[in-house]
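The next part holds the structures, each set out as structure tokens.
The following pair of complexes shares a single chain, subunit A, combined with subunit B in the former and subunit C in the latter.
For the complex of A and B:
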């Protein structure tokens, strides 16, 4: 076990090095000069050069790269231009909304998927369960940005149940927070839940005909108990990876929903950084998201090894 | 022909979505010749509701929505196909190579690991901003997301195949590695490639929609389903049909592509076929079920 963890940690460092390097050069290829964006095109060349030096974006590219990497290793991600704050502080300011939405919607989708799949597996001829199962194919096909706009139109504009956009911190005002979170979370749960159902169902189908389940049935367990207590734990393993990847993907990938619902999260921050040519914030933000992705991935893999003895041995 | 009919009778779940998709493709190819120009403005008849002379109404510039839908569909479908074929080809090549040459494969896999850790949408946006909107930009921006995934899947299948005896026999008889990959491995992974490509087409259409929605896809006057939704969003309260139709068409197309991909898998893959048979068994009577009463 310790060997696996060590090997994975070395791997993680290599991955982050590659990600950081690629990120730097891809982002620096974006046209536009932040110094001109800040001072305007009428600024004197000396002023521009001085500002570029301040921002750490002057001189040859490879020196900038080495400088940036050196400072990052010391925990200094530089200053954000648009927020005029250290990059790490800006990320800290924007992480709460994104994490809240990602955690809530991942948990809800997972629970929903387990419920639907177990119900469907234990009563395969129940038409409601079957309909829910089929609906998951539709949920998978709905474009999330379209669904978001549609829900705003129907529920926020027409029925006026919830505000159309905005974000309130859950610790400040829980009721208002839930009202603002309702639509974005609903959109995510529909898409994510659908994909979880599809993966989980495949695993359950494989399990439901296994001989050990016949034993469980013969000893008198109800079909629900068979599905819930015996088949589900064995079918959960493959979906663990998907849930982990999905969660990590959400943290970096709800740019659209944050844009539509005007949520001040990481996605909005990155979009602002791209439009404002805030290179250091963009590099720092993308690296942060990559670190999170790799860490979540590592945790899922380790859980895998912890739960399944077969993985530990091989 | 008879062979095709027999196949169709055995696999309605494959033939029906495939047929409907063909109809959609056909309409987007032929439709523009019979409809008004998708970019012709008509300010007097702006924001006409569906029905009447404009079947699906007109948008804020008086442009015909139906005509824009059809032309936009041509762009969306064409882009998705182009992107998937390009990224699929690169992914397949990387997968085959890294599956056969284990050491090089390990290096390639480290790079794809890093690649997958990139926030995909952010990467696509950076590409679009860097290269400016256009066909090539979109192919690069979206295609790059799928390469590592297809390379990974192809690699594990290649490793599985190269461990079989017939590959070993070819190796012993003096066949070069590239020839083995081309003659023995590639034909065995073709079904996997086809199914994967179809699944990625659906995903590509959605991401293409996202980019167009953000204004990073096909440039403004030309329609795409994504930018139609984005434009319609501004007139949501007075003309909801403007965003409902393109979204609906996009969803239906993605749904059909997904169905085709899912249902095509059992046709090629015996293991998936077994699962499907099990499912049928379970919905139409379960042999392991204890008798009622």
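For the complex of A and C:
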């Protein structure tokens, strides 16, 4: 296990170097001058050039790259021109809403998928279980933004149970936080949960017909217990990768939902950085998301090893 | 402190049309209908928080560095100027007690009000005024225009400032109500450059002071307990400021549906929704929906100064004017007839001196067949389609671009739309004159003097600072008219010259005027004491 971790950590460093380098040059290739963005169209050339020098975006690109990379190696990701704060501080400010939503929605989606598929596998003739299973197809087909608008209309505007938008830190006011999180989390759970159900169901149905379950049934275990204790662990493997990728995707890519629900998360931060040509924040944010992707993949692989002894042996 | 660390302000795409304009003059706003919306306001209530929705982060509170609607209007709560405009667009002393003008109309002596303090407790002095005005003249696009006529600004004693001009300048007092003329502490203003002051330097003499700011989330101002109000009757931006509210929270919400939904559920009491929401909100009996002071001048900027553009030829500019159904284009995005004005006037009607309909005859012309002939005469060729530069950040701009393309297509003129994000569009516009022929955009229609208006400034002066390759094509007629405006000494003569200026613009067409749109706000009936002057909430309260 330690060997796996060490090998993956070495890979992580290489990946981050490559990703960081690519990101730097791709981001610099985006048209649009941050100096014009900041000073407006009436600024004089000398004012623009002075600002470019202050921002570290003047001079040959390779020198800018070396300067940036050298500072990153020392843990200095630079200052955000939008927030006038160190880039890492800005990311830290915006990670909480995104992580909160991603963690809660992933956990709930996973639990929901497990319950539905286990129920469905153990009671294949139960019409409620079958209906839930079929509903997952609909859940998968509904676009997030459409679902968000629908839920806002029904639950926030008509029933007035929760606010239509906003975000409250869960540590500051848990009740208010739950009220603001309810709709965005519901939207994500419906979409994610549906995809988890579909993948997990395939695995469960395959496992339930395996011969190794005969002993469990002969012991007198209920079908639910058979499904939960014996079939589920073997059916989980395919879904772990999907859960991991989905989670990483949520952290880096719920821009539309953050916009609809006015959540000050990473997606909004990145969008603001692109619009304001805040290069350092953009590079830092993208690198952070890359780290998160790689880390989540590592955790997924380690979980694989925990769940499946064959992976440990290999 | 280096320049980067000073750059705490944030660019918000939603607010950046005005950055492009570089000339928002909201403090010079005049009311479309300045009447209060309620006849029974009740007794003012002290205290409470008013939550306001704004569409973009202000990006800063320094009017010389951040031109967004939000920046300019919120900073009006914190900073004050020597003069302020009342509901009839007349300047009234604000930080000035009295002033004298010499017989040759070149020397102004401003006697400042005694006892005025900044929100940190420091007293206002003549040095603060001198440094602040020098900052405005040095950095602000409009201030730079005025600077050409300023010989000196001196503090003659602690509370007296003498401003000497090289020649008379009729609109000077009104210009001192313009964007960027807010008075800062001398230590702050001294040496500031175009990147503006820092958040902790946002200290003014206004009725509110900055409490907190999370960029892209919210900004909160709180009552300045040290504020010294004028005893005069409140009117527009002038007169008494009571600061009834304890705090005002500006929530930054860009999504149009979220804006509307939050208003309907009481998350914010005041919002600036998009024009298309106007009819629905206007029909809602639980809301007050009212037009705001001022107006946006919608236009198509033409690349008249670069010889490579077809619009360097007058025939092509005339052809475009004839080809387009201008009122139709504005109406398509205006939301309601209540919000659109079919006229070539450069400023809202309430701005009595500047308002002129002298260009309306040219504006009304619409003859696609004649346009086709004129384009041919100008040498139009299918090999070189007209390039329309726009941004997807402003749906209206993109819609106008599409409508222009469609109407040109109907007379056989090909065009291509280049849609970028706003920053890229600005860069293309500023740095690559060979990449565009038309830029659809709006400017704020309120300005304290004609020389400070972008469309006139660009036609009257070559943009050699930013486009040295562009030939000097200044309109001498316009230069003369703008100079004549500064020479007058009364409103009637000034108005007559505005007729001339408006006619020259209609004739030469450095831009095609599409018409004006009026901004509006929707708010809860519990908001009282609000007279529809943007964010002038210093005499507002929330009814119990």
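Just so it is clear, the second predicted complex is superposed on the first by the 312 of 314 C-alpha atoms of A that agree within 3 Å, B and C clash if a C-alpha of one lies under 4 Å from a C-alpha of the other, contacts with A are read in each partner's own complex, and residues count from 1 in each chain.
The rule is simple: a residue touches a chain if its C-beta (ideal position, glycine included) is under 8 Å from a C-beta of that chain, and two chains touch if they have at least 3 such contacts.
It should be emphasised that the depicted structure is a prediction, and the values quoted were computed from it without experimental measurement.
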item: Clash or fit (per the criteria above) of subunit B with subunit C on subunit A; value: fit
item: Partner chain(s) touched by A:305 [first = subunit B, second = subunit C, both, neither]; value: neither
item: Touched partner set for A:51, first subunit B, second subunit C, both or neither; value: second
item: Touched partner set for A:83, first subunit B, second subunit C, both or neither; value: second
item: Subunit B versus subunit C as contact partner of A:31, first or second or both or neither; value: both
item: More subunit A residues in contact - subunit B or subunit C; value: B
item: Subunit B versus subunit C as contact partner of A:163, first or second or both or neither; value: second
item: Touched partner set for A:289, first subunit B, second subunit C, both or neither; value: first
item: Touching partner for A:259 - first (subunit B), second (subunit C), both, neither; value: both
item: Subunit B, subunit C and vertex subunit A (Cα centres) - angle in steps of 10°; value: 90
item: Subunit B versus subunit C as contact partner of A:274, first or second or both or neither; value: both
item: Contacts of A:146 with subunit B and subunit C, given as first, second, both or neither; value: first
item: Superposition-derived minimum Cα distance between subunit C and subunit B (Å); value: 5
item: Common ground on subunit A, meaning residues reached by subunit C in one complex and by subunit B in the other; value: 30-31, 149, 152, 157, 259, 274-275
item: Touching residues (chain side subunit A, partner subunit B) in the complex; value: 11, 14-16, 18-19, 22-23, 26-27, 29-31, 121, 124-125, 130, 137-138, 140-147, 149-150, 152-153, 157, 202, 205-206, 208-209, 213-214, 217-218, 223, 249, 252-253, 255-256, 259, 267, 270-271, 274-275, 282, 285-286, 289-290, 293-294, 297
item: In the complex, subunit C residues that touch subunit A; value: 2-13, 19-20, 22-23, 57, 65, 67, 141, 193-195, 198-199, 214-217, 251, 253-255, 257-258, 261-262, 264-265, 267, 393, 420-424, 426-431, 465-466
item: Contacting residues of subunit A [partner subunit C, same complex]; value: 30-34, 36-45, 47, 50-51, 54-55, 79, 81-84, 93, 149, 152, 156-157, 160, 163-166, 259-262, 264, 268-269, 272, 274-277
item: Subunit B residues within the subunit A interface of the complex; value: 110-111, 113-123, 125-127, 129-130, 202, 206, 209-210, 213-214, 226, 229, 232-233, 236-237, 240, 243-244, 246-247, 250-252, 254-255, 258-259, 262, 275, 278-279, 281-283, 286, 288-290
